[in-house]
Every structure is written in C-alpha cells, then in structure tokens.
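The two complexes that follow have chain A in common; it is paired with chain B in the first and with chain C in the second.
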Partner chain A sequence: MLHGSRLRLYSLLTVVFLVGGFALAAFWAPMDADQGFMQKIFYVHVPMAITALIGFVAGGWFAIQYLRKGDSRDDLRSYVAIHIAVVLGVGVLLTGALWAKASWGRWFVWDEPTLTSFLIVFLLYCTYTPLRFSIPEPERQARYAAVFAVIGGAFVPLNFLAVRLAEPLIHPRTLNSTGSLPTEVRTSFFLSLIGMILLFITLCKYEMASKNATAQMRALRRKLGGDDGGVAKRTAAPTVDVP
Partner chain B sequence: MTDTLPDNGGYVAAAYIVFFALVLIYLAIMAVKLARIERELSELNELAAGQQTDKTAAPEPTEPRA
Partner chain C sequence: MSPIRAALFKELRLELRTPQTIPAMALFAMTTFVVFHFALQEPTVEGELAAGVLTVTLLFAAMLGINRLFVADHEDGGFDGFLLAPVDRSTLLVAKAVSLIAFLVIVELVAVPLFAVLLLEPGLDLTMIARLMLVLSLTNAGVAAIGTVVAALAIKTRARDLIVPLIALPLLMPVVIGTARCLDPTFTSTGAQALPGRWLLILGLYDLVFGLLAYAVFDYLLED
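After this line comes the complex of A and B, so read on.
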C-alpha cells in the first residue's frame, strides 16, 4: 500500500489554511503599533519555527516506536519528519534573519538565547543525514539514527524550557503573549500555524509515498529478474521492507 | 491604498518569497523523483511484457518416451 492515502485532501487543506491565514494576516490583521508592516513576517516565521520543532520531536517519537517494535516504517517516519523539519528550519533561519535585519539592523544576534538555541538545534539535526550516510548496514544505521533522534527529540523541549527561563534580550516570547493579542492577529496566526502543520504532514506523506513507491519498484524489479543496479548504493534514506 | 509597499516592505516580501521558494524547490525535487519512478515503471512494464512473450514463444517441455 502507498503511504500517500488522502494526499489530495491534505494538499487541499494545506492550501486553504495557508492561503487563508496569510490573506487574513495581510488584509485583516492590523498593523503592529511598534513594528508596523514588517511585523507581518511573524505569520510565516513563527508558525514555521513551531512546526520545525514539532517535527524534530515527532522524529524522536517515531524513533522510540522503531526501537520498541523494530518496524522499518517507523524508521522511515522518523527520517522523513526530521528531513522536512530541517527544510523548515532553513526557512526559519532565513526569515528570522530578514526580520532581524529589518527590525534590529543585524542579520543575527548571537547573545539572544532564542536565536542561538534554535541555531544549535538546527545544526544538531544537520548532522543526522551524514550520520545515517556514514553507516552502510541498514539495520545498524536505523538503530543509531533512532538513538540520535530520541536524544535530539528530548533536547528540543528541554532547550525550549531553558530559553523560556532565560532572560530575554530582544526576541519576544510568542506563546506567552497570544492570549493578549487582538482577535484578528490571533486568528490569522493560528490559521497560519494550522496551515504550516498541515504542510508539514502533507510533505511527509509525499516523501513517504515516494520512498515506498521506489522500494516497491525495486522489489518488483528483483521479482522480474531485472538488473537492480548491481551493488546496493549507499544511502542515508531508510530501507523499506516490501513483501 | 497606495501603489508602493510600506517601509521595510521588501523584507516582508523577501520572507514570504523565501517560504514559497522552499516549497517550490521541494515540489520540483518531488517532480524529478516522480519522473524517475515513471521511467522505472515503464522499464518494468517492458521487462514484464518481454517475459510474457518469452513464455508464449517457448515450446512446451515434452515427456521423454519410455
């Protein structure tokens, strides 16, 4: 079975929520009294950051499932969640840098805990794929990657908590203040956040459908006695068991 | 409404462009993967068709007479 079930529904919901959220942010949400128009970056930057962190934790959760049950599909889910979260992490750093430059006149503020902690988490997860690639045996690769994902996944909420407890320098604490936000801002923000989470789920489903289709194709080729490419190519992506 | 963007509008536009560019790049990579899967599928179809032809063309094995 392909992993791409209900892909059309997820794709449609993603477009509706993201376009809806961004449209409300642009035309309905009021201008920020302090930052003015540039505060509109908030509706893309913050949902992307929250979704990336959720993705890292989800990767850890699936890794726990893999270590418990040994099902290669959980290893694939963990890999894909981390992979997409890293892509979103690139977006967080780029949009954050643009906002920082517009707001504070600098691309990055090194002594701000929120920024540096996110960068550390991002760089940590950047080593996940090279780690997988460095281990040729699929089973050992999956096990080591799962341990990495569990430790990394546990590090994310601890890191988040540490940042909350630290003295903020200039970066605002978003989730502390959503209750006090005007309805227009809050609605636009939560719609964008739901849209971003849906985008994450949709991209994960696309990636898993693609990986699963490739694995099934290889299995079919072996069954038909065709050339399977000779020596197995080393890859960082998990090997999916196909009956 | 004016025709020009407010102050720092370029940064806001750039942030949203970064987001959409990331999604587009990802979709382009997925499209390349899909094209590869389609190509491999057509190869497999040809392989399966070739094996079917070989089976029908090969003579039935006969039992040796005692």
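After this line comes the complex of A and C, so read on.
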C-alpha cells in the first residue's frame, strides 16, 4: 500500500466514474424546475461532503489501529486521510457557498444545520496540522495526533446530531430522500459519490507514495554520501521508516 | 486515602496555598461582563442574549483554567512523581477533571450573581437558581472531560496556549449550543418557561460519550 500499488488502476477508475457521473448529471438528469443548471452543483457538493466526513472518521479508525498496534504506517494512513479530507472540506465549503448564494441568496446561512456542523468539524480538523507541527518528537507527535483523531472521529457524528437538532431543516436530506428522486438523478448521484470516494482513495495513495519515495530518497542519499544531503525539513507529516 | 482523593486534594491544596487560577478566572469573567455591556451597548440583557453572554463568559473563563491545568505538573515534575506512584493512570484524569469542575463551580458561584447584578434583566429567583445548577452542572462535566484531555494534549507541545482554545472551542460547540438553548427560556423577562428536555438530554449524552472517550485515550497522553 505504501508503494503506490495499483495507482494507475485507481486513477483510471476515478476518472471514469467522476467523468461518467458528472456527464450523466449534466446531460441525462432532469433540469431542476426552480434552480436550473445551478442545481447541478449538487452532484459535486454532496458527494464531496460525504467523502470528507468519511475521511475524518477513517482517520479516527486508523488512529485507533495505531494506538493499539503502534505500527507507524497506520499513523501515516490516519494523517493522509485527514489531510485529504481537509482539502476536500475546503471544496465542500466553497461549492456550498456558491449553491447557497444561488438558491438562498446568501453565501452562508446560519439556520442551516448541515452547513454549520460541517463548518465546526472543518475548523476542528484545521488544527490537526498545527498540533502535529508543534510536537518535535516523532513518536509523541504520532501518539498525540492519534488521540486527537480518535476524539475528532467520535465528535463528527455527535456534532451533527447536536447541530441538526438545533435548527429547523431547510437543507435537503440527501440520503433520506433518494427514494423519492427520479432514477436519473439517483443513478448520477451515486455514480458521482463512488467517483468522489475513488478520488479520495487515489489522492491518499498518491500522497502516501510520495511520502514513501521521499523517505527512500533520503535513505539512499544517506547511504551514498554518508550525509543526509541537507537538513531534513521540519514537517507535520509522519516520518516513514525505511529499512 | 484512595489515590483519586489524594490526587484531588493535592490539586485543591495547591490552588488554596497559591491562589492563581480561580481568581484569574473570576476576574476574567467579571471583565468580560463589562466588555459585553459596552460592546453590545445594552444596560441589561434577557432571554437568548443573556443566555449567550453567560455561556460565552463561562466558556472563555474555563479556557483560562484549562490552559493552567497541567502547568504546575509540567514545570515542577508532577508528572514524573505521578508516574512513579503505583496507581492507575486514569486516576490523574479523574482527579484533574474533578478539580476542574470544582474550579468552574467556584467561578460560577462568583460570576452568576455578578451577572445577575450587572446585566441580567429578570432577577435571580429560586427556580432560576435550581435550573442554573442543573444546566451548569451538565455543562461543567462536558467542559471538564474535553478540557482535561485537551490540556494534557497541549501541555507537551511548543504552542500550548494556542493549541488549547483552537482545539477545545470547536469540540465544545455542542456544549455551547446546549447550554445556550437551555438557559434561553430560563432568562426570559416574562418568567421562566419550561426547560427544553431535548437539550438536557444532548448535554448529558455529550458528557457521557466524551467522558468515556477521555477515559479511553488519556493513558496515551502520559509518557512511559
């Protein structure tokens, strides 16, 4: 997994599903009567949000594995999952703001539980990297980051529960209401969702492969020159051990 | 004496001999009321505004306490002393969380009457006090569970004063929502309305989940 196995396959599948899903959404799914073409952002925004939340919870899951077994690869997986999920989170907030502006007339709507709780979760995970940065020792950095990821992973569902109960519902409940949607919409949506999850996995694999390649490169340099070839940069990312 | 009681008495004795955290928290709370008075430009507040002002003030005062929670142990080797003792590590979590709750209660005993005098439109009566005790005890439990873990997480980092509020505030957002929602009907000037049971339930659920979670992860935050 660390060597970027089947990267090409995953990249290809991602392109096929995302392009297919978006194409179906754009040309096959019916145009929204009210919102017109703007509603198509639904096929980007919602899958991206679901994937980001899955990424946060997955980060917590790998963190539990790390705390239990102490395998530094689990720490790397947890870090990468959270990192990519935060990047997707930026996309979610931007597409959400565009859509809110188009349909509700404002960039951000506070009496909107799904939006608000996503913002809170996003703000929490934005502190993950500064936390890692501020701990110099690699072993303690990994352990503390894992504790953070476990708490964050549990926080995601509870926060959604609390914020959702706080406000009246105006945000469409995507997964509850799929039953009543036309087949075209449902198929395009689920294809986009699968595509987005594949994109997440592919990006994670790329980042892990890159981290691994950097570590191997450093190890080789050390072997060749006896020297590190420059001081290793301070980083928030986990260091990969190369035998 | 049981280990938890011993560790708890140590915390309280430390604060009693050199009062540092509690006076700072109480003074901060009072200053915050003054800030709210001038920033909102209101002589008195009621209802949701009052609930918000009290919640925010207590939360930020709690941040001060959370920031200081492990400082003495970190600087004077309290961690090493504790780890040498043949007791379970979660003893420290329980003792710290209970002492944080005690600090919060003392601060609230000062801050809430001050709030009633300085800002609150409807006067304090017995029902209001009973409700405040119920709601704030749930709030304190949640703040203590999250606060202890975050304080232990931040104490060994280089930027602990930055890390504590950055992590703790988003994590405490459900507590903020719940407390504000519960206090809103209590502070209406037309007489207190029914407490929203749903929000009490959410606060209780939050305390339970994060109390257990804190218990589960705290061991990993202490050095071997």
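Just so we're on the same page, the second predicted complex is superposed on the first by the 223 of 243 C-alpha atoms of A that agree within 3 Å, B and C clash if a C-alpha of one lies under 4 Å from a C-alpha of the other, contacts with A are read in each partner's own complex, and residues count from 1 in each chain.
Here is the rule we go by: contacts are C-beta pairs under 8 Å (C-beta built on N, C-alpha and C of every residue); 3 or more make two chains touch, one makes a residue touch a chain.
Note that the structure is predicted; figures quoted are calculated from it, not measured.
Asker: Contacts for A:124 in the overlay, against chain B (first) and chain C (second): which applies, first, second, both or neither?
Answerer: second
Asker: Figure out whether A:162 sits in contact with chain B (first) or chain C (second), or with both, or with neither.
Answerer: In the superposition, A:162 touches chain C alone.
Asker: Per the contact definition in the header, classify A:203: touching chain B only (first), chain C only (second), both, or neither.
Answerer: A:203: touches chain B, not chain C.
Asker: Just chain B (first), just chain C (second), both, or neither: which does A:20 touch?
Answerer: So A:20 meets neither chain B nor chain C here.
Asker: Regarding the shared-chain residue A:140, is it in contact with chain B (first), chain C (second), both, or neither?
Answerer: Second partner only.
Asker: Does chain B (first) or chain C (second) touch A:213, or do both, or does neither?
Answerer: In the superposed model, A:213 contacts chain B only, not chain C.
Asker: Would you tell me which residues of chain C are touching chain A in their complex?
Answerer: The contact residues of chain C facing chain A are 149, 153, 156-160, 162-163, 166-167, 170-171, 173-174, 177-178, 181, 198-199, 202, 205-206, 209-210, 213, 216-217, 220-221, 223.
Asker: Residues of chain B touching chain A in their complex?
Answerer: Per the stated touch rule, the residues are 5-9, 11-12, 14-16, 18-19, 22-23, 26, 30, 33-34, 37, 40-41, 43-44, 47-48, 51.
Asker: Along chain A, where are the residues that touch chain B in the complex?
Answerer: So the residues of chain A touching chain B come out as 22, 36-38, 40-41, 44-45, 48, 87-88, 90-91, 94-95, 98-99, 101-102, 199, 203, 206-207, 210, 213-214, 217, 220-221, 224-226.
Asker: Touching residues of chain A toward chain C in the complex: what are they?
Answerer: Touch residues, chain A against chain C: 67, 120-121, 123-124, 127, 130-131, 134-136, 140, 143-144, 146-148, 150-151, 154-155, 158-159, 161-163, 165-166.
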